[in-house]
């Protein structure tokens, strides 16, 4: 083996990094297939947060003493690591938020209310998570923009022909599309979407909440104007999200929240804003969480995003080989390019009943509509589905065990 | 001693709970006098977060499996603990936010844009933190409300006569005032302010970011409509804040951020909102941080807020006995009722130079204008001050050491 | 594999879940309400018709949901028939207690027999996220009784 | 108590800090800029006047700030006199290097002598939060040269 080969993907060693995976409940080993809702945390992340709190904690940006300088350096190092992780041109293009929902809302307020004109349109799709749909409904109602919905095909892929139609009149100001569906696993052709949007004079926002976990993201290669993701799905802590925004947009956008750290100077009646990205980070940021996210990024990069993607592809292939053979099981969507997430339904069991059964077998899956009601309507699955989603610690044996449990479940409700 | 007496305030035992307090830098013991910017974390808080991540972590509200049910129960238990901590009528009155800055901005958007009419006024004061001033400037500019500023006296107390004048025309819709100044330590007469506001038909928001750390807060006794505070100053983690809002206001207010968890149902074009407080918590909340905040509340309540207040009062009395004797030292403000925070300036040293010196002695204080520029202008301290702020782990000996260092510093710059 | 779940999914529940009774629109209804479980997106419509003496003459429902919520609605429509609104509400309160704790000490003798018909659902108390499935029908009933016009109920 | 801080606060810095040179408004200035350090709220105004050959004839400033920023501005106004804009900018680049790392290998022989006058400020490199205090004057200089009209500079 030459020195450049990726480290072999040592699943046992990886699993040993996640304390919770060793846990049992009612005598059943935990089979955690809900990483798409939120991933488990490796000890490296936990330890980084503990170390911060035990020996390097202070508020950032404000103190001239060494502890605060240290915390500031650590916080800014996290920003730099995020920038490298998604290949942003500069760390100044990275805004920390509370989660990706807040990242999308920041765009809806600062860019939407601040730079779109009433009458311009925002284009989202039928397979958006509510976080990338509700903000545009609210923007429409408050600001008078139009909301256009791009159709998906029956296979669960974005209908690019329809997107072209929606862009044709040149009135779209923003295309806000998921980079990977949290229900179907569909990975969207981001570079192509961006090109189409830009040619029509629109900016483009990708909801990368799922994609950033499963693929190497390169915001420059896809030419994203905005890119959002969330720490807790990337093996990091809750309470921290990321918005990448191009530098010229950050300069042009008015701030979103007002308070400390986002100002240059404050008078009783008038204030001026700090330079980006500080302009968009009001108040004490999620310091400990940024440091945890940094550790999470170090963790996945040590394994390698390519290796993670390959591992998850193998799992998806395995799942698609094993599961469709189960009688009465329907799997939603059939996109060409899909990540480690899929939704399914058993013909004689409601998703809620099914997840209760699976839980008893130790298997954690989500039941319901996964914050994607319209998508479930679109696919004729109004009463919900179960969703299995993979992390880098998921094994093929866990998928086999899921298959076995599904067969038993069908018998149980027969 | 009868069983009802509070436990003696065992400062040595308390200090032993905070790992960072044992640290040294360049051979100097850490004397942390910047708790007002952000407090250090006891091992009980760190451990609660670790335990969550190691054995009880999953996304909340969404999963029907036991791990998610457990995490949901833990998250909601934190909400209930916060409600008890400030004596809210119901845990449903507690909204979790990212910090208190976001809590204030939530009020500015949901109540300000949603329920105030252009032409109505918001009243803030000269001693507000930027977090309770800039949002009202932004609201004014976006929504056409007026911003009125209540004066303070030279002693650093709210000028209640002026407040009465500002309320007199009945056009004020909101009074947004700090419950304790982060620069002067002044505790404001919250119950009286609320009474005055209510008589004039205005709602009242208290910025309790400092007060909640130093005093027992009872939102019903002071009749607050809104009350905001932030976890990281209360010995909890970053990334979590609290907004208390009266139930009828929460029902009447439109939501702030859109996304998952805050909806009842979502269609492609129209959505309906969840019941409060979920309506105001979009996206994955700060689960680990809420659990950390719960541990922090348990920690301070085990000591007792009354004991903490008494300890800090004794420290303030000690500081006010020792420090004013130092030649050339000016202490800002002289409020009757003050908590463990004070700002000072040496006549021959800029605050920045002074804090660099103190840092070399191991003493962490903040230098600058502490997110309160207008207040510094008002008190003739445009070029900033140093600020010392106490935590429950601060000792009188640390104040003596500060005094000693200040005398040396004055000599250094002579 | 799931034998220990027979406590939750007793045969009567699976049966009512598969073939809910009174699963129809009630044409002569005077009262109607809609129930909604945001967690899983399940919805149900409930209709009530009354006798001259004010007791419930007929109860029927339509909707979609899991076995627990279908069975609970089905059993409810059977047990409330002939009850006064006050009695029906008392049963609902008792049932919520049962669903949350597994028993209902407060259910007095008068209700005992009817409550017994509902006890197969008591197993949900061990499944916190499923309690709402079981109680949705009863929340919706309360709403129909309080506001005949048809406000939405949610099982929060 | 603070003897080891004499490296940072050398006598020349304390002296320039207490009695900054060229601390005045320049009436015949053709270039002006305003500098701002948001961290501590310090502000300074810088004025420049030029010789016919394009070199800097006079530099003066006013403002408030810590000993480091006052001393840095004071020393700057002294050292840039007689320099062309390009030379002054090169010195600024060298100085920023000095302030951040403690030395400036790139500073070529031509600048050496002038840079030496600035070395007393090199101690700030050990105080990350103070580097901006030292560099603010030089950022402001760059802005005055690039945009004579007086845009605000910040030392970020």
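Letters A, B, C and D mark the chains in the order given here, with residues in each chain numbered from 1 onward.
Methods note: a residue touches a chain if its C-beta (ideal position, glycine included) is under 8 Å from a C-beta of that chain, and two chains touch if they have at least 3 such contacts.
All values reported here derive from a predicted model rather than from experimental measurement.
When C-beta pairs in contact are tallied for every pair of chains, the largest tally goes to A-B. Averaging C-alpha coordinates per chain and comparing to chain A, the farthest chain turns out to be D.
If you average the Cα atoms of chain B and of chain C, the two centres end up 46 Å apart.
In terms of their C-alpha centroids, the spacing between chain B and chain D amounts to 38 Å. One inter-chain figure worth recording: chain A and chain B are separated by 31 Å, centre to centre, where each centre is the mean of the chain's CA atoms. Note on chain placement: the centre of chain C and the centre of chain D lie 78 Å apart, centres being C-alpha means. Of all residues in chain C, those touching 2 or more other chains are 39, 41, 127, 130, listed in ascending order.
Multi-chain contact residues of chain B (touching two or more other chains): 62-64, 68, 263, 265, 352, 356, 367-368, 373. Under the stated contact rule, the graph of chain-to-chain touches falls outside the line, ring, star and complete shapes. All chain pairs in contact, by the document's touch criterion: A-B, A-C, A-D, B-C, B-D. Residue ranges of chain B in contact with chain C, taken from their complex: 61-64, 68-69, 72-73, 263-265, 274-275. Listed in rising order, the residues of chain C touching chain A in the complex are 1-2, 4-5, 8-9, 14, 17, 39-42, 64-68, 127, 130, 133.
Across the complex, chain B is touched by residues 36, 38-39, 41, 127-130, 154, 156 of chain C. The part of chain A that touches chain C in the complex is made up of residues 349-353, 356-357, 360-361, 367-369, 373, 376, 382-384, 404-405, 408-409, 412-413. Here chain A touches chain B in the complex through residues 19-20, 23, 25, 30, 32, 34, 37-38, 40-41, 45-46, 49-50, 53-59, 62-68, 98-102, 104-105, 108, 113, 126, 129-131, 133-135, 137-138, 142, 147, 149, 230, 232, 237-240, 255, 257-263, 265-271, 282-289, 352, 355-356, 358-359, 363-368, 370-371, 373-374, 377, going by the rule given at the top.
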